Amino acid sequence: MAYTHLADYPADIRERAARVRLACFDVDGTLTDGRLWIDEQGRELKAFNILDGMGLRLLEKNGVRVVLMTARKSAVTEARGRELGIEEVHTAVKDKRSLLLSLCDKYNVQLEQVAMMGDDLVDLAALQVAGLAVAPANAHGWVKERVHWRTRAAGGEGAARELCDLILGSQGKAEAILAEFLR
Amino acid sequence: MAYTHLADYPADIRERAARVRLACFDVDGTLTDGRLWIDEQGRELKAFNILDGMGLRLLEKNGVRVVLMTARKSAVTEARGRELGIEEVHTAVKDKRSLLLSLCDKYNVQLEQVAMMGDDLVDLAALQVAGLAVAPANAHGWVKERVHWRTRAAGGEGAARELCDLILGSQGKAEAILAEFLR
Amino acid sequence: MAYTHLADYPADIRERAARVRLACFDVDGTLTDGRLWIDEQGRELKAFNILDGMGLRLLEKNGVRVVLMTARKSAVTEARGRELGIEEVHTAVKDKRSLLLSLCDKYNVQLEQVAMMGDDLVDLAALQVAGLAVAPANAHGWVKERVHWRTRAAGGEGAARELCDLILGSQGKAEAILAEFLR
Amino acid sequence: MAYTHLADYPADIRERAARVRLACFDVDGTLTDGRLWIDEQGRELKAFNILDGMGLRLLEKNGVRVVLMTARKSAVTEARGRELGIEEVHTAVKDKRSLLLSLCDKYNVQLEQVAMMGDDLVDLAALQVAGLAVAPANAHGWVKERVHWRTRAAGGEGAARELCDLILGSQGKAEAILAEFLR
């Protein structure tokens, strides 16, 4: 069951989320369920969730910069990033923590203003330095033990949207967003 | 567990369903599980459920006009609509409530005769004016709180069929339909 | 949890299964989970399960004729049937019961020697006349009420294999099959 | 829930895993969920999990040779194997046990140093001779009864990664691996 109201989230997590200006998302296993469909020519497909797409767009519209970062070279990820209008799409990333640190410089934000969401070992170094470290429900056990918060949904089933909602709610934006959609 | 008999549905929902002449369905997250498969060229696939297809056809054969409406520009949705023989397939819809109101005019039905099913914020305005507002089990929490009824199945797993069955049953058509298939 | 030993199945179902010479399977929702992946050109994909493929092959190798029958015109179903080496693949079937009856004639089997597995209303007429009528766990409620047996697995997740195992086990073939694979 | 700490695994299984030098994996149903997506031309896709890919790479980096073996002729499996840099990818395998035995010769390992993971009857003969025989949660009942260990995850959802983690942990490599990713 997804979180609905701000009071549903733990208080310390809301405090961390209230500070976020830069939200970084791993791709496979975080924005997807980790599955790679491969065809007979070795080309890949993967499955993103439209719930997450809406959340990422709401973050950017409300002053939180969104970053996609993946260790995998992937035309699919680049295509999805383009469609969502996300500028900071980084594929074939060798060192996610270094990338995260350089983005902090670029956007002039502190580490405590960074959220990082990831599911596997390659995300650990970046998760360790982020002000809000989040893992989807399907994350590897070693990752789950080392984050501040775990979403109820698995990657690809709306896990990223949970983080988006947490950030928007904790920053007091939820009411206005909802009002606009009801208008 | 899906509903099987008319008595399984709440009485007030059956009353609302008995009046429906126009049934509007969001697509991603409602007729699908919200997942978008993206290939290396950025082309998309999505997965509809044959259970829902049967339900939509039964509605149209029994005097209820079916509408598909999505905020997303999508050749996939248009292809699926064509295959099901649905005339009212609307993609890249900026304002679902306005579309719903104009369809009421076109078909000369009242708002209380309209069912609307959707799962995310972009559906809220239309859901608020429909005589029967329905969300699939996977809908966003803010949507689930603002509908008359939630299906047991998630989008893409037969959620739309549950609504079709509710409407057909509440309008006293279930026995005749079943009899025809048993003949 | 799938059935493993013959004693796990109800006795009356084993009796019905012991007589089967012709095993008919609906496709969408029975050999698949009912989902149709549609691409931007309107072409479809669907997902069969390799567990079922093994079961269907074991039936044919052990004297039970396998039939695939679907109301849907589908190049995908034909391709899957060819790959499994199944001769009796029927698509775009208007009347499954008539087809079933004509196959009884062709193969000189009685209705009590026919198993039929299906998940939706179009399967009902054929299910009503078969000696062993089976529905997968995901079947429509009206169908589930009108069959002799429901598999524990859903369509596309090994439901058909459960029926294959039931038939092979009830006909005393399981031990020999297992021995061959262990050899 | 996946295993996280070495103490979570049964002691006798850890002993078996500590000896493994050669880890053999069936493909469909073990590295995938057993589903074959078929398109209108009869071409197939299947879905691997990035969690498993990471595990297989960690095995090879830590001195355990990885083998993929499938009875199915499959360009998809070959493509996935190439991408992961696995040398020993065998498709269209008629006799998995013979292949396993010849690989023991080639790499000069004993049968008790071999792990084999598979889900269906064609894997049984190889599973019977391996020092560590493992089945994913979705395996056929007859297979589940004849292995040393069953993973909690199903094939395609990280089942193979569970085995990789077990082997690496039992061989005392987990701490060093984790430290490298945290660095």
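In this document, chain identifiers A, B, C and D correspond to the written order of the chains, with residue numbering beginning at 1 in each.
One rule holds in what follows: contacts are C-beta pairs under 8 Å (C-beta built on N, C-alpha and C of every residue); 3 or more make two chains touch, one makes a residue touch a chain.
None of the values given here were measured: they were computed from a predicted structure.
Enquirer: Do the two copies chain A and chain B share over half of their interface residue numbers, or under half; same or different?
Expert: On the two sides of the chain B and chain A interface, the residue numbers are mostly different, under half being shared.
Enquirer: Taking each chain's centre as the mean of its C-alpha atoms, give the chain farthest from chain C.
Expert: Taking each chain's C-alpha mean as its centre, the farthest from chain C is A.
Enquirer: Just how far, in Å, is the C-alpha centre of chain D from the one of chain B?
Expert: 43
Enquirer: Chain B to chain C: how many Å between their CA centres?
Expert: 30
Enquirer: I need the residues of chain B touching at least two other chains; which ones are they?
Expert: Where chain B meets two or more other chains at a single residue, that happens at 37, 45.
Enquirer: Chain contact topology under the given definition, line, ring, star, complete or other?
Expert: ring
Enquirer: What residues on chain A touch chain D, complex-wise?
Expert: Touch list, chain A to chain D: 28-29, 34-42, 45, 72, 119-122, 124-125, 128, 138, 140-142, 144-145.
Enquirer: In their complex, what parts of chain C are in touch with chain D?
Expert: Touch residues, chain C against chain D: 2-5, 37, 43-51, 53-54, 75-76, 79-80, 82-83, 156-158, 161, 177-178, 181-183.
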